[in-house]
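After this come two complexes, each holding subunit A, first together with subunit B and then together with subunit C.
Showing the complex of A and B:
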């Protein structure tokens, strides 16, 4: 038994931990990140299961004046708003919408940003010059204002339109970061070697360079995800997000604009505000653990 | 003639000024010609920054050529170099100086070795596996190395894997860009002897780029000395070492250290002599801009850069 365990130890010592092993160790060391990760997974799973299987949106959004500002209690877990609508149900549906939009935006912008960034960084030259000028253009225009303008102009928009509009302004940041990494990675000798071995450019970009940037891509995607939850909430708060009939975290928080509600009916806005706060913090903790795992100098484990 | 390089030039633009215009050029490689015969090793020696690596890289197609021609088996391949799947690209391979960074850290050895095989030879998966085992056997590595990652090997082992990858497609020419300068001396000898063995076995032509005259003397039949992007002297190994003509070559040869303490003082005196000679004759060997003169023949195979005025003296 002793010799077996020794063998195992020496095996682990001889090969430096890679990929998931490093991430796993980082989470074991950082309890806050571990708790955050488990929390995010549970909350997300709960929100999606409840929203799709158990909660009927029409029922929740039905106005019943008898329950106006009902306090948290037996009938409503977290009370009701001025239309007598269940806050808890709205919170779950709102969270589902925010998460869906954030996931959609993150996926679209990541794919597009990574592809554009890699192509710019690898080829350089005039391709890089042209695309970077386009990216500079997108970064300099005030995106929030333009999103609001778009939302106002489009007569009947849905969740999908919102995802596309937000994505339109969110990809340049990712593309820029990926480009800067691809620029240095593309000058490495293994890329030169692949060229002399007859591998074509697109295979080099996506099979050789991209896996070597995977750690930075994971980190960036996670942190962007937190930011994208924020964008949808901000738009809804300002009244330009999802259509008013759809429950949203931003709408719930915006109830706090009314001093009466802010002071007396705290249950209308506080749960949503806390939910956003805790969600964002948790995702950031997880993202930071990923970031430390990606950079050997910052690692805890 | 198997392969020929004719008046190869690689110039890089220097940009500057208000409109970022080209204001000057760096003459990394400035008009060199070489001829290769099958199965021989050609050395390219020079100080760092003289354009040796650029020469190698431009021959294989990693650098753009400003002007000049590369003729391979009677065909002008100057513009074909960058077309990755051509026969020229299959026949000419490269061994990199830093074998560690020349292998993708995310790939296993079997995928690294399979890369050229998949690109150039259409083999079935079984044949491919067989070829990889064969390659590992040639470079003397155990078969279980296939599943490992590059970082699990020592420097010498990695360099041998680099060689295995370079010979995977049965190339005819191998450009070895300082293949042993990152290794310690005992491993250098091992890798060099191994390279000689496979050269004899497969009839490879080497272009051996190095700054180490001892290594080049051991490996090559023909040596070209490079300085500031031009050849100062080119000839057989024997001619270069026994009858150096150019002051730069003489200076380079006198700088080879010798470990024997006997004759230390004489050797030092000679080095000082060569150095004063170099300073004195600098104007005779380089033109007013410091550019190396064109080559003039000394014997049939031995050429040296000399000014037209002192041509007669030699």
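Showing the complex of A and C:
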């Protein structure tokens, strides 16, 4: 990645752009990704501020039969559900819960997956062999089904248990990818040079190899975040995610399981479904922009 | 090549063992047993205990495990406690429905993905290519249940083009042409949901494969011999690029299985996925364990299939 500049006057242009400059340029070139990024930040900030400071969950979840299926209008921005509960308020609280779970799963699986992947890829050998067999197994088996079984047999589970159960099945994918990258990175000259100098293996892994993989790790983390929103919402949609008393984007969409609501009271489920859809698209657009920034061949700017 | 196949099959044995152990342990943790539902104030606790003893539920776990695996191998899956029927029969009935759904999904998937992948690869960087890439990108980002519901709402309820629930209308005689047509008619919406979501991988793979092939030596050779570009595509590039697509079939099976739980629930389609959700809701644990085992087995089989096809079409990939 050497940028050759014929312009003698500009000294800045001759130094290769740093990671953040590359990412910044990529977002300037790709307006869709830029809009997505700003949108995600604004919506997330709004959801968290509203959910923690301004919305009272008990008030939102209080049943008021007089407002049963109230249409969107002045009293309720997005109408009310069969219990007369404000859909907009539930949407904000639900988005907060779904995002929190997705963030939790992303953090746990990233840390675990990156550490296991780096160690396996760097050291190789029989430990790597065994761990890769386990990872292959985890990736192949139908995880959605097993998560549902887990959730069913744990008597009283909380948000945190749900995060752990999903993480249990989500880390192997990250570990496998990181391993393959660490494997090729570990054969580079700079790693060999560092080994010859007698650098501690763990310093090589975390201080030398990991920073060189950082762009790929950012891309993966972003795309995994989208994937984790998908897993949580589908579980809640099927009724095996957050308990029904805690709104999630998935539980809101699951109102649509009642054909009457699906047909006539679209405001109960459609906003949550569209919210998920737009959020997923936006995160993926941002992830793709990161990916192009990480791969010099695909760059736009 | 046979060595590779045998090696790959051998790898599957420990995988199956771990799967069976995992499923068995999960089953042990499931709350209650078939007889706890039968307890009423009038039942004699000794009678329940007797039944449990007879069913072998008080034996040590390894004995139960060996017996369970032995039964599994013989196709004896136990009895559903909700339906009071053999689990094998119950699953067999639903499996045909899921099989039809999967078959139509795969046909639709490939008939959408292959032409789009070829067009995007052949005319890359054109407007057409860019819109195909955007499409594959959107279909990658949408969660299954959201697209399923939107399809159901739009095509099922609003436009009323397709039926919204079930696998066949009542009142038709099985075996008649109308009956078969009605079955397919019920399948179109769920199958296309799956097909749309599954196209991403195939399109992107085919597209990059064709773009890469354009600059390869064999294509240049063909061009320098004076073969028109159209023929180079149809006789040389497509043949080479389409072969690895066959390997996607195995992964598609894995994806279909996971998707069947969601799609069958949304469209009220009586297949194995819906049976699983119903079994979970009614704590019918002999059905749950049998289905988890079956799904796990099929998923492992799918990845085996993919690896074997891959090693046939691309001899460079061989397991040592």
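General remarks:
Just so we're on the same page, the second predicted complex is superposed on the first by the 292 of 301 C-alpha atoms of A that agree within 3 Å, B and C clash if a C-alpha of one lies under 4 Å from a C-alpha of the other, contacts with A are read in each partner's own complex, and residues count from 1 in each chain.
Here, contacts are C-beta pairs under 8 Å (C-beta built on N, C-alpha and C of every residue); 3 or more make two chains touch, one makes a residue touch a chain.
In this text the structure is predicted, and so the values were computed from the model without any measurement.
Partners subunit B and subunit C fit side by side in the overlay (superposition on subunit A). In the superposition on chain A, A:200 makes contact with subunit B only, not with subunit C. When the shared chain is aligned, subunit B comes close enough to touch A:190, but subunit C does not.
Contact with subunit C, but none with subunit B, is seen for A:269 once the two complexes are overlaid on the shared chain.
Of the two partner chains placed by superposition, A:258 touches none, neither subunit B nor subunit C. In the superposition on chain A, A:148 makes contact with subunit C only, while subunit B stays out of contact range. Rounded to the nearest 10, the angle at the Cα centre of subunit A between subunit B and subunit C in the chain-A superposition is 90°.
When the two complexes are overlaid on their common chain A, residue A:208 makes contact with subunit B while staying clear of subunit C.
Residue by residue along subunit A, subunit B and subunit C are tallied for touches, and C comes out ahead.
When the two structures are aligned on the shared chain, A:246 is found in touch with neither subunit B nor subunit C. In the overlay built on the shared chain, the residue A:180 is in contact with neither subunit B nor subunit C. In this overlay, which is a superposition and not a single complex, subunit B and subunit C have their closest Cα atoms 6 Å apart.
Shared contact residues on subunit A (touching subunit B in one structure, subunit C in the other): none found. Taken in their complex, subunit A has these residues touching subunit B: 14-16, 18, 188-190, 192-200, 208, 211-212. Subunit A meets subunit C in the complex at residues 133, 136-137, 140-146, 148-150, 152-153, 155, 226, 230, 233-234, 237-240, 253, 256-257, 259, 262-263, 266, 269-270, 273, 276-277, 280-281, 283-284, 288.
Of all residues in subunit B, those touching subunit A in their complex are 57, 60-62, 84-85, 89-90, 93-94, 96-98, 101-106, 115-116, 119-120, 149, 151-152, 165. Only residues 11, 14-15, 18-19, 22, 26, 29-31, 137-138, 140-146, 149-150, 152-153, 157, 164-165, 254, 257-258, 261-262, 265, 276-277, 280-281, 283, 288, 291-292, 295-296, 299-300, 302-303 of subunit C touch subunit A when the two sit together in their complex.
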